[in-house]
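Submitted below is the structure of interest, expressed as structure tokens.
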Amino acid sequence: MPLNPLTQLVEAALFAANRPITVEELQSLEPEAALADIRTALDELREHYDFDGHAVEVVELAGGHQILSRRSFAEAIERAQIAVRTPRLTAAAMETLAVIAYRQPVGRAEIEEIRGVSAGGVLRSLQERGLIEVVGRSEGMGRPLLYGSTPLFLELLGLRDLAELPKTEEFTVALQPHRPETADSDEAAASVPAAS
Amino acid sequence: MPLNPLTQLVEAALFAANRPITVEELQSLEPEAALADIRTALDELREHYDFDGHAVEVVELAGGHQILSRRSFAEAIERAQIAVRTPRLTAAAMETLAVIAYRQPVGRAEIEEIRGVSAGGVLRSLQERGLIEVVGRSEGMGRPLLYGSTPLFLELLGLRDLAELPKTEEFTVALQPHRPETADSDEAAASVPAAS
Amino acid sequence: MTDLILSPQMTSSSAPTTALGADPAFVVQLDAFSGPLDLLLHLLREEQIDIADIPVARIADQFLLAIHDLGLNQAADYLEMAGRLLRLKAQMLLPRREGEEGWEDPRHELVRRLLEYQLIREVAGWLERAAERRADQQPRGYLPPPPDLPPMPLTLDLLQLLTAVEKVIAEIPSPVLHRVVARPLDTEGALRRMEALLAERDEFTWREALGPHPTIVDVLSTLLALLELAKRGLLRLAQAEAFGSFVIRRETPPPLAPGATPEIDHATQSPDPAG
């Protein structure tokens, strides 16, 4: 089942670009193709990869599409030292990202207030990694910088958009005062929730 | 015609690798596979890509194997890359560039003092884009690097040289290098307090 | 601040054994906690304490002991929290009447912060798991350098650069620069000016003495010159009212114009050769 020409073009572009590409960007490959045609081509490519059992798949994330290797091969690839895994962020970085993701645009003072620690170093390194960016200045005293998350943040988490972040209400378990008798079950639950 | 498991593994590894991978390296993915099995898997992958008209192919180079996009898509990919990225400078980069253009040679500390934010990430990205370069080291503590603008900077602005940068009264006051005030030479101006 | 640097003896009496103090492996791991709130949550969990009803005195002591044992008692963030806890401990000890109107539990703010932080921890955990899942999938590893492409067309123009320059300037806090310049008073010059004035007129005002647009230097020089001339008895300074402009009057006849003085005119009318 040979791929049709537009699908080939889409595959070439997704393969060449090392980041999520939007449907609109793909359309610029072939000006005569409608957005619907691009979507059809993406579907064909996705189905083809699935049907033939390719080790890669078309993933939708950060507002675009990207070809990524399938999850099941990660361990073997790492073991053979052919590619390295993205290094994990520290707890401090993750907490700071959490505050920014949910409160953006948010200033340093508020982040520090919530986390109870100074945030200068973490903010700088998150900014250098391109996971957050300055999105404006507050009207307050000294007009402090306000931070927001970047598309790369979505890429790091494999999210399509910010709406995919769980609502804070979904974490209400955590807001329940911690009671002795439920301590064990809480901890067990805390480690699982978003596994699916 | 679904790919067999070893072929999948080889595909995943070649896709994720940042360099050509030898048959021996591929073998380490699956210790039970013989070198001949790896070669068969490589052949199967190559034939599959050819048969289904994929935009990529398995190429043998530098003593190893690599998946590359086909030559016939080079133009489209090139076009796509241009369409994909419109590299615009961020406000932070612009401001940093402005400080450097008018104050060069200038160190990171001074840039940070003027802009009130850390400049490490921005400096690196401006340097990577070839808009600024290290032009020396300061005599000060730790002999910090000094930055200046590059010919590319002038090229992008359409300027013949730095002297063509506009000079307004405002700019010169704020961005001129500090000069130590010499008291005695000012006696003539003694009756005009504001040095306007 | 000094009372926050604890010696172990100060707390050992009240502190029950915590996992932190007992396990030496824990002590080494400084990064075990991402902040004072994290440590506080840990202590509450250890003790199986309801966040809504924290025994502040006990937790404050445990917190102090913990940061001491963990070597965190140098970190400002932990010290600040220790300070808060000690204040809270003191507030809880204040006597209050039963059912007192308007009494607010001083622990309220701490509880609010702990709950908020706990939520952020949950969110961070979710993000962490999402990132782990994403890291299980590799992007294409090899990216060839673009073949002989001209440098990326950067959107950069002069107007943008100048706008950026203006922005930078706008943000620069205007430097407070005091120019300190030696400005010697020109008393000599002022003396000569005053003598010239006195030669012409019997009487003139302070304002006239200063001339148009005097600088502070002119004012001081003129004043000194006038005082000097008054001391020599060449003029008299008079002020009609308090804070009024003062009048300068010549005290002796000018040597160069004898015929101009009224006294001489009256006394010696005839000897005038021209008469």
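Brief remarks follow.
Per-chain numbering from 1; labels A, B and C assigned in written order.
One rule holds for everything that comes next: contacts are C-beta pairs under 8 Å (C-beta built on N, C-alpha and C of every residue); 3 or more make two chains touch, one makes a residue touch a chain.
Note that this is a predicted model, so its numbers are computed, not measured.
Under the stated contact rule, the graph of chain-to-chain touches is complete, every pair of chains being in contact. The chain with its Cα centre farthest from the Cα centre of chain B is C. Chain centres here are Cα averages; for chain A and chain C they lie 42 Å apart.
Centre to centre, using the average C-alpha position, chain A and chain B are separated by 22 Å.
Among the residues of chain A, those touching two or more other chains are numbered 15, 67, 69-70, 73, 77, 82-83.
Each of the following residues of chain C touches two or more other chains: 138-141, 143.
Residues of chain A that touch chain C in their complex: 15, 18-19, 59, 61, 66-71, 73-74, 77, 82-83, 85-86, 88-92, 94-95, 97-99, 101-102, 114-118, 155-159, 165-166, 168, 171, 173-175, 177-180, 183, 190-191, 193-195. Across the complex, chain A meets chain B through its residues 1-3, 8-9, 11-13, 15-17, 21, 25-26, 28-29, 48, 51-56, 67, 69-70, 73, 76-77, 79-83, 124, 127-128, 133-134, 145. The touching residues of chain C, when paired with chain A in their complex, are 31, 34-38, 44-45, 48-53, 76-77, 81, 113, 115-141, 143.
Residues 138-144, 146-147, 149, 151-158, 160-169, 171-172, 179-183, 215, 217 of chain C are the ones that touch chain B when the two sit in their complex.
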